[in-house]
Amino acid sequence: MTDVMSTVKSMLLAAWLLASGAVMGQGEVAPPQAEFVFEIRALLAPTEVQGESKDGMRQVIPIIGGTVIGPNVNAEIVPGGADYQLVRPDGVRELEAVYMIRTDDGVLINVVNAGIIVDPAAGEPGYIMTTPSFQAPVGKYDWLNKAIFLSKITGGSDSPRAVHISVYIAR
Amino acid sequence: MTDVMSTVKSMLLAAWLLASGAVMGQGEVAPPQAEFVFEIRALLAPTEVQGESKDGMRQVIPIIGGTVIGPNVNAEIVPGGADYQLVRPDGVRELEAVYMIRTDDGVLINVVNAGIIVDPAAGEPGYIMTTPSFQAPVGKYDWLNKAIFLSKITGGSDSPRAVHISVYIAR
Amino acid sequence: MTDVMSTVKSMLLAAWLLASGAVMGQGEVAPPQAEFVFEIRALLAPTEVQGESKDGMRQVIPIIGGTVIGPNVNAEIVPGGADYQLVRPDGVRELEAVYMIRTDDGVLINVVNAGIIVDPAAGEPGYIMTTPSFQAPVGKYDWLNKAIFLSKITGGSDSPRAVHISVYIAR
Amino acid sequence: MTDVMSTVKSMLLAAWLLASGAVMGQGEVAPPQAEFVFEIRALLAPTEVQGESKDGMRQVIPIIGGTVIGPNVNAEIVPGGADYQLVRPDGVRELEAVYMIRTDDGVLINVVNAGIIVDPAAGEPGYIMTTPSFQAPVGKYDWLNKAIFLSKITGGSDSPRAVHISVYIAR
């Protein structure tokens, strides 16, 4: 991109921001909305506890399969990924799941889903929230590259060992 | 994993999916809610265009000051941070702002706010969403370490050059 | 750590740096040395081409097994990892291999090996260098958490499909 | 890049790897060499201790100026960056310095220099090593985008407060 084009783009953006500012002041701004896009049902192998590490207690949960089902995506989880978890010194659990999904029309998409789990404590509810990001090829699933997503673990089962993850686009 | 085990697992999965479908359908899970926490008003120096780089066009916007105002946080932006921007090959702008804020009770908090801007195109609205993360000391602002946040650029001005960023906690 | 302890540590470090400065001026500084620690032989499944993506051409090479052999580490690669590759707009290939190894005494260690491959071009030699990082539990392999490593892809084979990766500690 | 081109590139790479394997077996492989490229002299403001955080003790050292001097780069450090430090639970100090440099021919380059400091302990020498990475525009400084670098803190002073950082390319 030439510098001129870049400058023009910046000016357009500034104009757009000013226009938004003109119609919406602080307090009137609509907060982001989370709109359901798909549910991931991930099959898990038993947790492997690695033990105390340089930065907290670490454990890994292998992801051995599963499905992704939603209005615009139907896919299978490619076996072989894992959720790398760290229990931080302050007790919060950081998770980072790295895996791939293959859509029913043959597209391979990388998934990195990182976030935190705060276990419920005396009088305090727990908290689970993650921000999945995707690397999808150009084409039908390109919208996954162009937005911010949230996900919540919304259920699961013990036999087989599995979790349900509801994924939302932030708008 | 042997083929037999794999088959058994698949059958268990099928049974489980049917069973879960019966107890919990999509739509019963509450989507995440975005709750306003504070507004950042960032003062900016002129954009410095770096030009074509290894991964797209790069530019940097120095952050020279500003304020953070909300029910539970009142702070000033420490001059010296910057928003490192990349215009990806697909035209989407990735931003990553790195800076610090100092609260009115003297606590220094690191901010990394990364996200994307899709400029409005013919017939398509633009999109701006980021996921700020914080490194706060233990104590009054510890809640910033224990949640996922979203932010939207909601306005701005040209003189002084500034943007308004509304920050929300995802619950 | 208390602020006092932190200050004392900083002073000790400053003293140490000054002492080094006193004995070694610019030009006399010994450059880092790369000392061999182990060789990774990674077995690979066929490359899966994902195609043009938001930031370049992407492909994934599943890691289906292998060995780690060295004076202080003997381990097997846990099947299930992958090397996520991106061919950047400037033609350089970025690789990021994410997997786990299990030592012969039962310790599970995470590996993230990121780096670049510049293919040989007319008159120019190629370049391959990566900086593997490790997450090891406290104990015998803790030294992997406390140093910077380099690795080079030093060979390979087609049948079985494999690469050899020589890993060095930078001192 | 088309799939065909990608396949051809992969084949060439495989051939190249095999060729290297043919001439160099394990043990004969030349270890990476670190070749001096430039020295960074960074001027620092006093350390700001943030205190215990979610993942260890945190402190920030503002970078207020400095120089970069070497055979192929002469630059000034743009004031405004910082070194974000974390003292991990295992006592190792992780540093991450984020700043920009402007060359004497007007090119603006981003620097992220991350690494570790192990303070000297009873009977054990200290360890300092980092892996700086650069985002440079296409052109004269493009080689900074296409290699792996190491750096060592090799000295410093108290008045003015400064550190010297010797940077090497790994070959």
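The letters A, B, C and D name the chains in turn, as written, and every chain counts its residues from 1.
Going forward, contacts are C-beta pairs under 8 Å (C-beta built on N, C-alpha and C of every residue); 3 or more make two chains touch, one makes a residue touch a chain.
Being a predicted model, the structure only gives us computed values, none of them experimental.
Shared residue numbers account for over half of those found at the interface formed by chain B and chain C, and the copies are therefore classed as meeting with the same residues. Relative orientation of chain A and chain D, expressed as the C-alpha superposition rotation angle, is 180° to the nearest 5. Farthest chain from chain D (centres taken as the mean of C-alpha atoms): A. Our note on geometry: chain B versus chain C, Cα centroid distance of 29 Å, whole angstroms. One simple way to say how far apart two chains are is to compare their mean CA positions; for chain A and chain B this gives 12 Å. One simple way to say how far apart two chains are is to compare their mean CA positions; for chain C and chain D this gives 15 Å. Multi-chain contact residues of chain A (touching two or more other chains): 54, 90, 92, 138, 142, 145-146. Chain B meets chain D in the complex at residues 48, 50-54, 58, 60, 62, 79-82, 84, 98, 100, 107-110, 135-139, 142, 145-146. Remark: chain C residues 54-56, 88-90, 92 touch chain B in the complex. Looking at the complex, you find that chain D touches chain C at residues 1, 3, 6-7, 9-10, 12-14, 16-18, 20-21, 24-26, 29, 31-36, 39, 47, 49, 51-52, 57, 59, 87, 90, 92, 115-120, 126-127, 129-131, 138, 142, 145-148, 150, 152-158, 163-164, 166, 168, 170-171.
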